[in-house]
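Below, chain A partners chain B and then partners chain C, in two separate complexes.
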Partner chain A sequence: MKIVQIEKNVWAAGLKKLSETYRLFGPVKEDDFHNFKRLQQGQLPDLNCLNTRLSPKSIIYPQTEVMFEYSLDENQEDHHILKEINKDYSPQAVIGIRPCDAKAFALVRLNFDTAEYQDPYWLKAYEATTLVGLACESPCSSCFCTTAGCGPYHEEGLDLLLIDNGDQYWAKIITDKGDAFIAAAGWNDPLDAKATAQKIEAKRQAAEDKVCSKVNTDNLRGIETNDLYNAPFWEDVSFSCINCGTCTYVCPTCWCFDIQDENRGNRGCRMRNWDSCMYPLFTLHGSGHNPRDTKLHRVRQRFMHKLKYYVDKYDAGIQCVGCGRCVRLCPVNIDIRRVCELMNQYAASADACEVR
Partner chain B sequence: MLSYIDKIKEISTRLIKECQVEMVIGYRKGTVPMMNEPHFARTAEAVENFVWDSNCGINLCNYLTNRGEKIGILAKGCDSRNIVTHIIENKIKRDQLVIIGVPCKGMIDKRKISAMFEQEIREVIEAEDRITVKGAGFEKVLNKTDVLQKNCAVCIHRNPVIYDELAGDLVEEQTDVDRYEDVREIEALSPPEKATYFQRLLEPCIRCYACRNACPLCYCPTCFTDESRPQWVGKGQDPSDVMTFHFLRAYHCAGRCTDCGACERSCPVGINMRVLTKKLEKDCLELFDWEAGLNPDVRPPLDTYRPNDPDGFIK
Partner chain C sequence: MQNPYMPYPVRIDNITVETEDKNLKTFRFVFLDPQDEEKFGYRSGQFAELSVTGKGEIPIGIASSPTEKGFVMFTVNKVGLVSSFLHAMKEGDIMGVRGPLGNWYPWERMQGKNVVIIGGGFAFTTLRSSIVYMLDPANRSKFGDIHVIYGARTPGMLLYRDELIDWEKRDDISMHITVDGTDDPNWKYNTGFVPTITEQKAPPGGEDTYAVVCGPPIMIKFTQPVLDKLGYSHDRIIMSLENRMKCGIGMCGRCNIGKEFVCKDGPVFTLEEINKTPREY
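Up next, the complex of A and B:
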């Protein structure tokens, strides 16, 4: 393990150097809130940001991504042939990503990179990306990372973890990508790894203690799927839902997309766009039948996917990193922590009543 | 306004116990500061979860569309006007409803208050006209009138226009407000300036449709944006598609919008899309002397022919 010290007075110079090798992204405040943006020459990421309004998932997985172009002009030899478009997969780095959002990339990889299928667009962008995390010293009251398989100093998915230590950052190098990033910046001030690791451990503990919100998930795996599906609380849970896509679009772990062809004149492109299980069109069949034609169906699907189907399929916890964005931004305040508790408790009570 | 809750609970319990309604639609306390959640009660016990404060901004009329049962519903001025519009548009029947009118002095602007502080707001306490905002290591008292939702600050129909019960005494209506200052500013821009203004206005949109879905007017079984055969609008982030969605939606609300503010309140990325509907509201007022949702017995201007129509083409 290698830990490097970065004096804050050389931070800007290092980033300037890095911008020669990497396309840099970082939290930038525009109007009232922060989002990850491509940093302009000389622009610094705002590392005082609590967290960004939207997750950084669009840096690797854009909301709209053109995959192919084609011509519809039958006078051309290559008409109606899909042609892959050139994209920029040169190295990029996301600076100041929170551990929850970095873990989310590791999580969605389970979907985009399987033994059977590899999503080339997601994977190429992912491989080109260095995730430079910033340990979280002030978790929000709506954050529940520590019980969602994550935490304010969690390293999974990160290449490098920055820890704010007043006048310096300590940079804990986690992967080769992280090592290359530090080298490119010219930061070369190694710390005693063992002693610093102990200090980091104490800071980690202090940060984790500040996470005041939690979810219980221990019973989810044991319950029969159909029992949970037919549980009586879904009407109550879904009543206030307006079926907008906010929860799914702000979520770092929601991965669904829809493919569209768009033509203009005699040229066209094939693109994919984020899609949302909250939308009626999401499951509309060609026949006109919609198996999820009520909001109760759709709300249940979202929570069952995150908190039951995923849990059963991957045996890797819940499909949530506890970033709290959906809790903070749901227009009607549907709270996944509350729903998770209902599901987990229902599982417990159903178990208790079972007579064999 | 805080004192309404006892009366709200009393009326709701009575309506349920006397079987006048099958459910009452109100709000329960939210899990994050400055949020309450729309909630229904079918039993007297469930009524105990109801709350009332300045975080009840979600328009409850949205939950009435095409329901078949008898319903009690809390209604601020704006909600009541949307209920009137729902009745006119046959989305609910008047005799299905017991409307519990809630005179309103405005809802607080969560977005505005959050933007006032760099740190996280952990608690917001309301005491009549004062709002105390607390976070780790800070506390600040705000005047409620300074932090009202923008639509509430210029509201001229705070009292419900239609009701069967009242949760409190009627409040004084505001008369000295300039409702359309922001619209006039945009009207004064040149066409290229307007284009830039609208591009910038809608640039953050992520097409979550929270504005549309929070709106009680947007009840089309299939919205034009969701039509797939044929498909009218692109699904991507092309600015022309994003604008098409917002502009068309606004036009669909012409003569119907009550400026309840649900759209802006719901937007996760802070878009002030109310300027679009307000322009149309202003036009309806100026051209037809029309304000939406004031009287269930009067047909709205856009589905009425009048020989004295101000536009020549229709005569």
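Up next, the complex of A and C:
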């Protein structure tokens, strides 16, 4: 393990140097909130933000992305045949990503990188990206990462973890990508790994203790899918939902998409766009039949996917990292922590009622 | 990295109007690059995304059989944007086929067994593929008795009529064609709904008999109790499902029934498997 010290007074110079090899992204203040943006020359990421309004998923998985181009002009050779397009997969780095958002990429990867098929757009962008995390010292009241398989110092998915230590950052190198990033910046002030690791451990413990919001997920796997699906609480959970899709839009682990052709004159492109299970069109058959035709169906799908189907399919925990964005931004206060509790307890109560 | 979203370029080689309402047409495609035909190796029961450049893609079951070489064939019902546009296309036009996608009927498990094919309406496409596959001289001996119960609203709504009549004449397949009703005095086959004809004609279930069922929801709903009555266990009732799809490779998130994606984990499931899901199809 390697830990490097970065004095904050050389931070800007290091980033300048990095911008020669990497496209840099970081949290930037926009109106009253922060979002991840491409950093302009000389622009510094604002590492004082609590967390960004939107997750950084669009850096690897753009909200809209061209997949192929084509010509509809029959005078052209190769008309109506789709063509791959060139994309910029040069190295990029996301600076100040929170551990929860980095772990989200690891969860989403299970969808886009399978034994049978690999999504080339997502994977090439992911491989081109170095995730430079910033450990959380002061979580939001809606954060529940520690019980969602993550935490304020969680390293899974990160290449490098920065820890704020007053006048310096400690940079814990996690992968080769992280190592290359540090080298490219010219930061080579190694710390005694063992002693610093102990200090980091103490800070981690203190940070984790501050996360007081929790979910219980231990029963989710055991309960039958159809029992949970038919549980009576979905009526209540979905009652206030307006199917606005904010939850899926801000979620770092929501990956659903649509594919559309868009033409302009005789040329066009096939593109993919984020989609949402909250929308009726998502599942509407050509015949007019819709297997998820009520908002109850759609709300249930979202929570069942994250907290049951994903759990069963991949055996990698829940499809949620506890970032709390959907909790903060839902206009009608639907709270995944409460739904998770209902689901998890339903398992427990079902067991208790079993008649022998 | 192979791009799983890239269709193979194909030319429309032949278009046949299948039904009297002209809403179903069969499209035969030839691959522009003959090597793509090799790469497109498929099994009966799989589907593909038909890519109409400039309009989009639709998931359609493969109606040709792997034993038929030189082309792939799909029968398309005219319902939405892409299928309507496709219906207006002509022979010689260029488009794409992406696949093969999904799983197939359990051919290995059905070896040496009796197979009862039950189909209704236009959901007979992958069943046609299956029949042609099983009747191929190289394959027929691998299966026991083959029964086919196939129904449509009227004689004019039956798909692949010429082939149905050819199969009627054979002695290595028992055909039970039916229509809901007809005023054609020359109709010499069955009249009645598929579940009724199934009850009358299908062999009893058992260890050695599989039912492959494909049809509209109403047909499936009323056929299942009949199969139960005939003694078919749910792991020997094979069904092919449909859902709205985009990617066809288990990534875009819309076609799931519980944790299973119809596009990738299906579209073929046993009834036993389907019973464990929320059946959102």
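Keep in mind that, in the parts below, the second predicted complex is superposed on the first by the 355 of 356 C-alpha atoms of A that agree within 3 Å, B and C clash if a C-alpha of one lies under 4 Å from a C-alpha of the other, contacts with A are read in each partner's own complex, and residues count from 1 in each chain.
Heads up, the rule we're going with is that a contact is a pair of C-beta atoms (placed from the backbone, for glycine too) under 8 Å apart; a residue touches a chain by one contact, two chains touch by 3 or more.
None of the values given here were measured: they were computed from a predicted structure.
Novice: Have a look at chain B and chain C on chain A after the superposition and call it: clash or fit.
Specialist: fit
Novice: With both complexes overlaid on chain A, does A:109 touch chain B (first), chain C (second), both or neither?
Specialist: Once the two structures are laid over each other on A, A:109 reaches no partner at all.
Novice: May I ask you to decide whether A:68 touches chain B, chain C, both, or neither, giving the answer as first, second, both or neither?
Specialist: second
Novice: For A:244, using the defined touch cut-off, is the partner it touches chain B, chain C, both, or neither? Pick first, second, both or neither.
Specialist: A:244 sits against chain B, while chain C stays out of touch.
Novice: In the overlay, answer first, second, both or neither for which of chain B and chain C A:37 touches.
Specialist: After superposition on chain A, A:37 lies in contact with neither partner.
Novice: Of the two partner chains, chain B (first) and chain C (second), which one does A:118 touch, if any: first, second, both, or neither?
Specialist: The second partner, chain C, only.
Novice: Once chain A of both complexes is superposed, is A:337 in touch with chain B (first), chain C (second), both, or neither?
Specialist: Only chain B; A:337 stays clear of chain C.
Novice: Where does A:199 make contact in the superposed view: on chain B (first), on chain C (second), on both, or on neither?
Specialist: In the superposition, A:199 touches no partner, neither chain B nor chain C.
Novice: Looking at A:261 after the superposition, I want to know if it touches chain B, chain C, both of them or none. Which is it: first, second, both, neither?
Specialist: Second partner only, chain C.
Novice: Tell me the contact category for A:17 with respect to chain B and chain C: first, second, both or neither.
Specialist: neither
Novice: What is the C-alpha-centre angle with chain A at the apex and chain B, chain C at the ends, nearest 10 degrees?
Specialist: In the superposed model, the angle at chain A is 90 degrees.
Novice: Just to confirm the geometry: in the superposition, how small does the C-alpha gap between chain B and chain C get, in angstrom?
Specialist: 6
Novice: Taking the contacts chain A makes with chain B in one complex and with chain C in the other, which residues are shared?
Specialist: 258, 260, 284
Novice: If you look only at chain C, which of its residues touch chain A in the complex?
Specialist: The contact residues of chain C facing chain A are 1-7, 9, 32, 51, 53-58, 77, 79-80, 83, 93-96, 217, 242-244, 246-247, 249-256, 258-259, 264, 276-278, 280-281.
Novice: Mind listing the chain B positions that touch chain A in their complex?
Specialist: 30-32, 35-40, 58, 62-63, 111, 114-115, 118-120, 122, 136, 206-210, 212-214, 222, 226, 228, 234-238, 265-270
Novice: Mind listing the chain A positions that touch chain C in their complex?
Specialist: Per the touch definition, chain A meets chain C at residues 67-68, 70, 72, 79-82, 84, 111-112, 114, 116-120, 123-124, 225-226, 229, 255-261, 263, 268, 270, 272, 275, 277, 282-287, 289, 291-292, 297, 301, 304-305, 308-310, 312-313.
Novice: Please give the residue numbers of chain A that touch chain B in the complex, ascending.
Specialist: Where chain A meets chain B, its residues are 31-33, 48, 50, 53-54, 63-64, 138, 140-142, 239-240, 242-246, 248-250, 258, 260, 262, 271, 273, 276, 279-281, 284, 327-329, 331-335, 337-338.
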